[in-house]
Amino acid sequence: MVANYKKVNRGVTLTFWERIYVMEVMRGIIITGRHFIRNWVSTIRSYVSGNPADRGIPTIYYPEEKPLLPEAYRGRPMLVRAVDGKEKCVACGLCEVACPPKCITIVGAMRPDGTRYPETYTLDGAVCIFCGLCEEACPEEAIVMSPNYEGLAEYDRGLMLYDKEALLVPEEKLQGRLDYIRRRMFNKCNY
Amino acid sequence: MENRHQLDLNTELMVLNMGPSHPATHGTVRFFIKLDGEKIIHMETEIGYLHRAFEKHCEDGTWSKAFPYTDRLNYNSAPQNNVAYALAVEKLMGMADKVPARTVYIRTIMCELSRMADHYTNLGAATLELGALTAFLYFVEARELTWDLIESVCGARLTSNYVRIGGLASDLPEGFAGKVKEVFAKNRVFWDEFDKLLTKNRIFLDRMRDTGAISRDDAIAYAFTGPCLRAAGVEYDVRKASPYLAYGNVDFDIPVGTTGDNFDRYLVRMEEIRQSERIIEQCLAQMPSGPININDAAVRNPSKEEVKSNMASMIFHFKNTIEGIQVPKGEVYVPTEGSNGEVGFYLVSQGGGKPWKCRVRPPCFALTQAMGHMCKGSFLADIIPTFDMINLIGGECDR
Amino acid sequence: MFDYTYLPAPNLIPSIVEMMLKIVFIFSMNMGVFAPLLGWVERKQSALMQDRIGANRAEIFGFTVFGLLHTVTDAIKLLTKEDFIPRGADRPLHYLAPFIAVVPSLVAFAVIPFGGKYMLWGHEVNLVIADLNVGMLYVFAVASLATYGAVIAGWASNNSWSMLGSMRVGAQMLSYEVAMGLTLVGIFMVYGSLQLTTIGMAQENFFHWGIFLQPLGFILFIACALAENKRTPFDMPEAESELIAGYFTEYSGLKFAMFWMAEFLEMVTIAAVLVALFFGGWHIPFITHQGLIAAMGYLFGANFGAIAAMIIHVAVFWLKVVVWIMILMLIRWSLPRFRFDQVMKLGWKIVLPLALANIFITGLVLLAVR
Amino acid sequence: MGRLIDLCKRKLGDTVLSAHEQHGDETVVIRKDALLTVLRWLRDDDAMKFDFMMDLTAVDYLGTRARSERFEVVYHLFSLKNNHRLRVKTLVADDDPVTESVVTVWVAANWFEREVWDMYGIIFKGHPNMKRILLYEEFEGHPLRKDYNIRKRQPLIGPEN
C-alpha cells in the first residue's frame, strides 16, 4: 500500500502510416464521426418522439428544461417564514458576523410579546458569495440556502439589495433544504 | 546581434504585447515578447490581473471565514485548497491526529476528484488552444461529470467551501459510491477517445514534443512542483514524500517523465487522472463509517437541536462564530499536493480567533516565473502549449 | 493555343440564355445556398461531433427550423455592425482586401463542370460556364489571387498580429501552390488533358475515377487544398490562440463577413474540384453518361429525358460536393493545428518530393501501359 | 531541539539568533548580514542540500515586537535528497526595510521577492528587477503591512477620459 514512482512512456513510436498523418486523420475522423452520427440519429429520434431523454447529448435546453440539482445545492439564501406567518429569525446577528463578505445587515426589534424579530434584514445579492456560512451559523434555522438559482442577476446593483420581504419564504417551500441540514450536516454523522 | 543571419538580413526585432486580453492568455497574464521573425528573443511575464487580496481578507476574518476564499485560489480544484488550509489550521491547533478517519477518507476522495477535474480542464484547454476543439469538449464533458459529483457532495461546482476545521461541512450523499462508479465508466470512454485522438497524432506530437522543455536542475532551481516537476524527471510528490490524509493507505503510481517538455507534462497529467481514479476507488472501498467532525465543542459547529437545548453548546456556537475558533500562538507550514504542485499554507497565529498571517504558496506562481526561460529561443506558437501545460490559474497565481 | 469554341457563335440567343442560366445557377448555388448555409452546417456538424446541440435559438413565430434561422440573424448582425477601421490603417487597401479575397473563390467555379453535355431541342447544353481547355490552370491562377486579399488585409490593418498572419499567409500559400500544381500533374498525365470536362467524361467508368488512378495524388491534393483553404490543421494564418484572428483581426461587419464567405466558398470550390478530378464528377457509379440519358429518354421522351438526366447528374454532383464538404469539416474539427515551421517543412520536404515522385511513377506506369 | 537546528547551530554559531521547533517544523532565525552565506551553505552542504526554495514571504509583527524587529522574511526550504524541510527567518527593521536578495542562490526567489516588496515594502538588495508584481505601479502603500487599513481607497489612475 505505497505510492510508487513510474516513468511514463514518452517514446511513443509511430508506425509509417501514423507518421505520414493519413492514419491519424482517418482515426480522428472515425472517432469524431462516430459521435456525429450517433448524436445525429439520437437528435432526430428525440425530435420525432418528442422525448428529451432520447437526445444523447448532455446539453440541457435551459429555460424549457431545468437541471436536476443535488440536494446539497447552495442557491440564493432565503429567510424562513414559520407556519404562523412570523419570521423565524430572532435578529441575533450571527449570520451578519459569520458572513465573509459582510453582505447581511440586520436591525433587530422586539415584538409586544417579548420575542425578537428583524425589523429590517438586508442581504446584498451583489456581494453574497453563496458560501453557506450564514446557514451554518444560524441557531434558529431561519436562513437557509434555497435551491433557487434564477433571477440572481440584475442590470442594476440597487435591485440586488434584497430586503426582508424579498427574502422571506414559507417554511414548506424550503422543507427539502431544512431536512438536508438536519440529516446530512448535523445528524449522527456529526455527534 | 550575435546571431549571424540577423546581421546578414538586417532584420528588425518586433515587439509584441500578448495579453492580457488575448485568446491564449485567459485574460490574466501579459507577455511582453521580442520577436525575430517568429522566434522569441526575449519574453517578460506580467501577472497580477486577478489579484483579490486573499491574504488581507483572511487576516480580516476569523479562521473559518477563510474557507470560501481558499475556494477561489485554484478554482478548478477548490476542495484541495480547502483541505490544505484545514490541514494547516488543524496542525497549528495540534489536533491533526484527532480528525475522524471518515473525514480523512472523504477529504482524500475530494482532493483526487478535484485533481481529476483540474487535469481534465487543463488538458482539454491545451488541446483547444492547439486547435482540436473536439477533444477539448470531450474532456469538458468528463470534467462536467466530475464536477457534478463534487456538486452533489459540496453543493457547488467551483466554490465548494466544503471542508471545516476539524471536519467537513456535510457527509457524503447517499449512493455516492455508485454514482462515482457510473461517472468513472463514462469518463474512461472520454479518456480513451482523447488519448486516441491526440497521443499518437503526429501533429499533436510535433507541437508538444521538445517544446517548452526545462532541465531537471533548472526545474528544481525554479522551485517547480507537481506534474511539471515530475515531467522533468524529478521524483517528488508530497503524497509520497510526506504522506498526508489517507495517501499512506492506498496503492497508486506517480508518473514521472524524462525530459520535462510539454509532451511529458501531458503524459504525466493523463496518467494522473487514471491514478486518481484508482485512489478514489480504493478510498471508497476502505471508507470507514463514523462521525465526520472532531468531537470538540470549541471547534465544531453543534447541531441546531443542540444549540437550542444545550446552554454550553449555544455559548460555544456563538463564541466560535463571533470570536472565531481559538488557535494557539504559533506558526506552521503544511505542504499538500495540489493538482498544479505543492500548495503550502504558512499560517501564523498570535493567539485568538483571527489569523495573523495566512500565506499560501501558489504552485503556478513559481511555474509562471519560468515561462520566459522556457520559451526563449522557441517559436511564437510554442508559447501556447507551454503556457497551457504550465496551467496558470489566475486565481492561484495572483491571489 | 486557345480554344474559342465556348464562344456562342452558331446559334446566339439560346447560347446566351444557356450561359446566363448557368451563371445564375452557379452564383445562386454559391452565394445563396452554400455561403449562408455552410455556416449553419459547420455549427451543427461541429456541435454534433462534440456532443453539443449547436445554435438553435433564433426563431420566427416560434419556429426555429433546427437553428437554420441563425443564418438570417448572422446576416443581420454582420450587416448592421460597425465597420471599424483602426487608426493608422491604410484605408483604401483595408477596403479592397476582402473583395480581393472573395472574388477569386467565386470565379474559380467557372471552369468546373457540374454536369455533362445534353442535347435539348437540337441545342447542345454543356453544363460548365467556361469550358476552357486550360481549366485547372485557370483555377490555380485564380485561387492564387486570393492570397493577395489576405496579405493586403494583414498589411493594411496596422496591427502586429495581422502582420504576422499575412506573413504566414504569404509563405504558406506560395509553398502550397507549387505543391498543389505538381500533385495534379499526375491526373493531367493520366487523362491527357487540363480541360475539366474532358477529365470528367474520362471518369465515366467507375474504375477510371481519379481516386483509383491517382491515390497518392489524391492524398497530397487534399493536404494542399486544406492548406490553401487555411482551415485547421493548416490555419496558421488565423490561428485564434496564437494570432487572435490573424490577418482579419481588425475586420468587422460586412468586410469580416466577406472573409468568412471567401473561406466557405473556397471550401465549396475545393470540394467541387475534388469531385471533378477524383470522384467522377457528375457520374453515377456503373451508369454511363449516355446510358442514363438513353434510359431517361426511354421514360420521358428525348428532350425531357435529357432534362431529367441533367437534373440527376447535377444533383449527383452537388451531393458529392456536400459529402466532401462534410468530410473536410470533419477533418477540420478533429485535428489540432500545426506549427508554422512544421507546415513549411511538410510542404517543401514531404508533399513536394512526393508529388514529384508521383509524377515520375505515373510517367513510368503510363510508359509501361502504352 | 531538532536535528537540523543542532546542525545549524554547530556550524553557524552565533549567526543563529534563535531557533525553535513547533509541530515538527524546524525554524532558525539568522542574522541579516550573514543571510547569503548561510543560505548558500544550506543549499550546498550535503547534510542540508536544500535545493528547493519552496516559499519566500514576510510577516509583519507590528505592535507585538520592537520596531527594529518588525518584519520577518521567511524562507521555506525543502531538500529533495534528504526529504526534510527547514524554515529560515531573518529580521528586518521598520526604519530600514532592506535585506539581501537571494536570487543568486535560488532563481525562484525572483518573483517571490518582488511580491514581498509589493506587499510589505521590504527592499531586496541586489535584485535584478525590483518592481511591483501583483499590484500596479501607481499603488500607494504596501497592503499587507498591519498599518494598512483594509478599507483604504486608492487614487484613481489611468488616462484623463
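So that you can tell them apart, the chains are marked A, B, C and D in the order they are listed, and the count of residues begins at 1 in each.
Just so we're on the same page, a contact is a pair of C-beta atoms (placed from the backbone, for glycine too) under 8 Å apart; a residue touches a chain by one contact, two chains touch by 3 or more.
Here the structure is a predicted model, which means the values were calculated and not measured.
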Hey, what chains does subunit A share as contacts with subunit B? C
Note, CA centroid farthest from subunit D's centroid sits on chain C
Per CA centroids, the chain at the heart of the structure shown is B
Centre to centre, by mean C-alpha position, how many angstrom separate subunit A and subunit D? 41
Subunit C-subunit D separation of Cα centroids, rounded to whole Å: 64
Please report how many Å separate the Cα centroid of subunit B from that of subunit C, as a whole number. 47
Which whole number of Å gives the spacing of the CA centres of subunit B and subunit D? 24
Residues of subunit B touching 2+ other chains? 134, 141, 197, 201, 203
Could you pull out the residues of subunit C that touch at least 2 other chains? 49-52, 333-335
Which positions in subunit A are in touch with at least two other chains? 21, 24, 28, 31-32, 35, 58
The chain pairs that touch are A-B, A-C, B-C, B-D
Touching subunit D in the complex: which residues of subunit B? 47-48, 51, 53, 55-56, 59-60, 91-92, 94, 218, 220-223, 225, 234, 236, 241-242, 330-333, 335, 342, 344, 346, 348, 350, 356-357, 359, 361, 365-366, 368-369, 398-399
For the subunit B and subunit A complex, residues of the former touching the latter: 57, 61, 64-69, 71, 102, 134, 141, 144, 148, 151-156, 159, 161, 167, 169-171, 173, 193, 196-197, 199-203, 205, 235, 237, 239-240, 243, 247-259, 263-264, 267-268, 271, 290-293, 295, 300-305, 307-308, 314, 317-318, 321-322
Subunit D - residues contacting subunit B, complex: 22-23, 25, 27, 51-55, 57, 59-60, 64, 74, 76, 78, 80, 83, 85, 87, 106-108, 110-112, 115, 119, 132-136, 143-144, 148, 150
Which of the residues in subunit C end up touching subunit A in this complex? 45, 48-53, 219, 223, 327, 330-331, 333-335, 350
In their complex, what parts of subunit A are in touch with subunit C? 20-22, 24-25, 28-29, 31-33, 35-36, 39-40, 43, 56-59, 61
